[in-house]
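Same chain, two partners: chain A is paired with chain B first, then with chain C.
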Partner chain A sequence: MKSFVAGLSTALLLASAAQAQISDNVIKIGVMNDQSGLYANISGQGSVLAARMAAEEVGGKVLNMPIEIVFADHQNKPDVGSNIVRTWIDTDKVDVIADVPTSSVALAVQQIAREKKRIFLISGAASSDLTGKACSPYGFHWTYDTYMLANGTGNALVRAGGDSWFFLTADYAFGHALERDTGESVKASGGKILGAVRHPLNTSDFSSFLLQAQASKAKIIGLANAGGDTINSIKQAAEFGIVAGGQRLAGLLVFVTDVHSLGLKTAQGLVVSESFYWDLNDETRAWSKKFMERQKAMPTMVQAGVYSAVRHYLAAVKDAGTDDADKVAAKMRSSRINDMFSKNAEIRADGRVLRDAFLLQVKSPAESKGPWDYYKLLATIPASEAFRPLKDGGCSLVN
Partner chain B sequence: MDRRLLPAIVLLGVALAAPFIVYPVFLMKVLCFALFACAFNLLIGYVGLVSFGHAAFFGGAAYITAYSVKVWGWPTEAGLLAGIAVAALLGLAFGAIAIRRQGIYFAMITLALSQMVFFFCLQAKFTGGEDGIQSIPRRPLFGVIDLKNELTLYYVVLAIVLSAFWLIYRTVHSPFGQVLKSIRENEPRAVSLGYRAEHYKLLAFVLSAALSGLAGSLKSVVFQLASLTDVQWQMSGEVILMTLVGGLGTIFGPVVGAVVVITMQNYLAPLGEWVLVIQGVIFVVVVLAFRRGIVGEISAWLSRLRA
Partner chain C sequence: MFELLGVPPQALFGQLLLGLINGAFYAMLSLGLAVIFGMLNVINFAHGAQYMMGAFTAWMLLNFLGVNYWAALILAPLLVGLFGILLERLFLRHLYHLDHLYGLLLTFGLALIIEGVFRKFYGSSGQPYSIPEELTGGHNLGFMFLPNYRAWVVAFSLVVCLAVWYLIERTKLGSYLRAATENPTLVQAFGINVPRMVMLTYGFGVGLAALAGVMAAPIYQVSPLMGANLIIVVFAVVVIGGMGSILGSIVTGFGLGVVEGFTKVFYPEASNTVIFVIMAIVLVLRPAGLFGRAQ
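Moving on, here comes the complex of A and B:
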């Protein structure tokens, strides 16, 4: 009530400035992600901080209405996540939902947000279906997707001379999709697939799989798996001396925090695709330093994406003069994204944000100059090549 | 009026008024899990069979309903029936194998079989892997009742769950239920009296599986999604927790247990992993101090008062 009165009085004082149409006199941003499980490091509290930093940049207020940030832990379960989002929208008056790693949860949220007309700023989730079959006029896929990971890494590595591949694939839909997509882009750029081996989800012993990969003599071993499986396979590959023996590992879903926890000695030589790295230019360094001071870790691309998305959303609310989802979405689409994360990036009809992606290689301990100095840039993949062509997604918003 | 009906009437009143105070989607979740726990309780509380595989029926039915409604475009009621049918068939297969053994062996067989169902769901194309089946449409029930309205859906779910409760109540208090209890107390004696214990156990198992399937199917209609969480072994663990916390072998115990566990999961969600620790502590306390569970202790206390 207090904030309502305060908001009302400020609104009355400045009523002449703009006839702001903000529901419930507050812009409520709900950051939902994994706060305690395997994605807590890549999203978690860091994403909440990133959203907060975006809000602080505009003085904590848009159109004289206060910005409030709430967060929740979906525990990587779609039912928990969809329950939280329904409650947020129906009873807590949340205006916009941000982050949401784990594709299954994001797909569930996408549908609720479409039904209830709320903007959904996706940063943490990977599935390219979010701008394909499951696209929504209110859903924006900000940071990366599976197509970018597969295509970026596959295509760019072949060009860099890695023309024979062997896949180590987690034996379930996500792994199969990554293997298929990466394989296609490898073949399209003239590379060869020498073979693949499937391992069960949550494997602790990769020795037999790694030995097959080693025996294949492929130049690149593609890790079409995620989370603990990727970490384990990289660790054990180091023990087998695979990288030291001249083969390269390509992590199809690896984040800078994974490299941090693996250590350079184990992870060196690994090639990854990301859309953000803190040490790209002066702007990213300045922002990341501020982030580091508060979070005690460098931002991941997911966290930087949350910052960028929230910032763009708030700017669109300001320009539109309302938090009405249809008008804000239109404004978001019609204006370019310009911040430390993206330069002159546009949002496509299907909700895909088009921005450059980077092919990065993990440095060796000798190359690294200090903490968090982990990557060297191998190639920049331009936005036009990094993402799936608009017509191939099967999004109903595209005619 | 029968004094024993009083708690039931009070509960019914609470259930009818609840959606105006508490968020209906949360209440529907509680109802689905209450039904799941009651179905499980039918087996553990009245036949004395501890199954570690009930997630397979719950999740399997959720997938079938989700797929038939979303992909084949079946109406909601047909989807629910398909879910129940598949859960019952799974129950028949599980039961036929598992009831040959008792105690820990029975539990392990059900666990192993449900893990097979889990891996099937993980691998099969139609389940969508770890993405699950999403955006299941809420088609009108019987072509007229609009389920898109959450309040309407709540009363539909309430009606279905209450009928299932009634079915469980009737089963437990029928001659069939008496035989089940006698098998629980002393199986060789029941056999010596001429009852075919295996047949009774199998029938109870199938019934419990079918009702768990109903709970899973309803859940997929309410949340519009079916995912691996539903078939994972943790789900089997959760339902055991609910039943034990509420009170084994009592009619309302599992309902209370479901309310307690789901409320905790919902309102303590910001604490993340700590929810599991808190659940664990509660489990230990209940097992050590309140062996009969919440409802069991209360009814024991009430009967001491009367005595």
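Moving on, here comes the complex of A and C:
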């Protein structure tokens, strides 16, 4: 009798497994990011909308199973983020996690996703460790990373004649790393570093630091800081006539929404690296227009990246005929990404999506035709140069 | 050309001037705190949020009603001051007879709520606010480039600080205020409406915070958290100057701005910390602050 019951249940299990390859009869996508704080404008509800747009594009269904999108606020705290993701996976049956800005939170989620075998589509987080020491077979780093920001801006600006640099650096790990990486790429391209000044995090007045940068006579002032610090440094640099005096500012982590909040009068001349801008071609314009109608703001590269990642994931689920993480991850790696965000982009063994990056310069008010017409393209950095070589990352998946 | 500790003197003059400009903001903000603490015995932790509201009100006046900077300089403090009066009527007045701690907790909670509401509606990137046309550009002083707007900030805040000091320490109204702090029952017995005076004083202190906010809008990021970053430093300034001392808050405000300015040249990493180091030393040597009177 006992063996009969066991046999029966095994048979039932097998039958159910063969019939429904989608767990729990729903594809549940969890978008986790900052909904109210520092990074809410670059990710936030815009990323949720981007995921929704990707789901709507395939009719809200894959393999006849509905797609459901849930979201949560991690408040930029790794412990909060970890708890949400554990609950999502253990009790809410979330199949895939997307976005997650703030590297510390993303690194924690990467660990959990690897343990629990869930695919993690990283768009908002910057740390290149996510495809380096902390790489995972289930983790995909979609949009940008610190290496791309540093290398792209450093290298491309030196080539454009900006061969002497001075850094304004936020005095913590992120700022130091950005300064170091950018400095290395400046030197490798034949530029010189004339100096750096380390300012405390969340400084409101930068005038003193800016005067030191001005006195250095460097052609480029690299802003190795983020958020409010970057905005205040740009605002005050305009006030002290630094850009008007012939020096250029290079923002190492600036998003199009930051430019929007600064206004062109203040931000003009600033050089930034991004992997997406709404006004690149007809496809990006068409998609961004739809996004703008619903979000009342143009998409950032993080939000566009969430769209692209969710879209590629859903296509892989469809092709694999299952939502099993191992099979879907294999499918995602073996197919190229083709959408409005990326053209023919491939995913490397360490999870890094290889795509072009863009060196952009903020337009002057006279050049801009209206709201959100903010950038002109200075250079396209090809995918092969934009990201850290595979062998240098120290990812255990790479032999 | 001689050098002082490896820094050319031009750079030092420049930093001295910049320090005074930053000190102007510290002075304006700590002045409002000192007025409120001196008269109401309330530690107003919502001061940073009210400073932020001043900047945002200026932004709203400009963007929704087309009101320029100069008018905002008067209107925004009035509006935010009225809001302060509302807070005083609704919440604060119930706490006067309790320990300082209750007022601190209440205003701290209010600050979190106000900042949260602004963050909900305006996000965290902040809003653009330009320097008024009349004050753009600057002058080359030989040792540094001085933007006109900064010169205006330092001059205007000096005038405001001195006027407030004069009002409280030298006029009849000021003497009523000071008397009401010492002995409200007696002052009331002379036919002066003390609760109304206290209410208006709180509104005035809040208005000063808003005024500093309007002045900061063109040069700092107008964002919901702009006050949260500043308020702790300003509290340190108040503690160093002596809680409730009007003159103390003005002098230490400017003085610490200069100290911080020099730290930014010699050891920039410590520029956020130096004020707290000074605070610790002052607390050990003179617990009532440099200008405070031990009670």
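Methods note: the second predicted complex is superposed on the first by the 379 of 399 C-alpha atoms of A that agree within 3 Å, B and C clash if a C-alpha of one lies under 4 Å from a C-alpha of the other, contacts with A are read in each partner's own complex, and residues count from 1 in each chain.
What we mean here is this: a residue touches a chain if its C-beta (ideal position, glycine included) is under 8 Å from a C-beta of that chain, and two chains touch if they have at least 3 such contacts.
Values in this document were obtained by computation on a predicted structure and should not be read as measured data.
If you stack the two complexes on chain A, which partner ends up touching A:L262: first (chain B), second (chain C), both, or neither?
It touches chain C, and chain B stays clear.
Given the touch rule stated above, what does A:Q236 touch, chain B (first), chain C (second), both, or neither?
second
More residues of chain A are touched by which partner: chain B or chain C?
Here the partner covering more residues of chain A is C.
After the superposition on A, what does A:N83 contact: first (chain B), second (chain C), both or neither?
Once the two structures are laid over each other on A, A:N83 reaches chain B alone.
Looking at the overlay, does A:L390 come into contact with chain B only (first), chain C only (second), both, or neither?
neither
Could you tell me if A:G228 is touching chain B, chain C, both of them or neither one (first, second, both, neither)?
Touch status of A:G228: second partner only.
Taking the superposition on A as described, I'd like to know which of chain B and chain C A:F209 touches: first, second, both or neither.
second
Based on the superposed arrangement, let me know which partner A:L194 touches: chain B (first), chain C (second), both, or neither?
Once the two structures are laid over each other on A, A:L194 reaches no partner at all.
Have a look at where A:S36 lands relative to chain B and chain C in the superposition and call it first, second, both or neither.
Both chain B and chain C are touched by A:S36.
Taking the superposition on A as described, I'd like to know which of chain B and chain C A:D171 touches: first, second, both or neither.
both
Which residues of chain A are in contact with chain B in one complex and with chain C in the other?
Shared contact residues on chain A (touching chain B in one complex, chain C in the other): 36-37, 171.
Help me check something: in the complex, which residues belonging to chain B touch chain A?
The touching residues are 23, 25-26, 29, 122-123, 128-132, 134-135, 219, 223-225, 227-230, 265-266, 269-270, 272-273.
Using the touch definition up top, name the residues of chain A that touch chain B in the complex.
So the residues of chain A in touch with chain B come to 35-37, 71-73, 75, 77-80, 82-84, 86-87, 90-91, 103-104, 107-108, 111, 127, 129, 134, 171-174, 201.
Provide the residue numbers of chain C that touch chain A in the complex, in ascending order.
Interface residues on the chain C side: 11, 14-15, 18-19, 21-22, 116, 119-120, 123-128, 130-131, 137-138, 144-145, 147, 149-150, 218-221, 223, 225-226, 229-230, 261, 264-265, 268-269, 271-273.
Quick check: in the complex, which residue numbers of chain A touch chain C?
36-41, 44, 171, 197-200, 202-205, 207-209, 211-212, 214-215, 227-228, 231-232, 235-236, 239-241, 257-258, 260-263, 265-266
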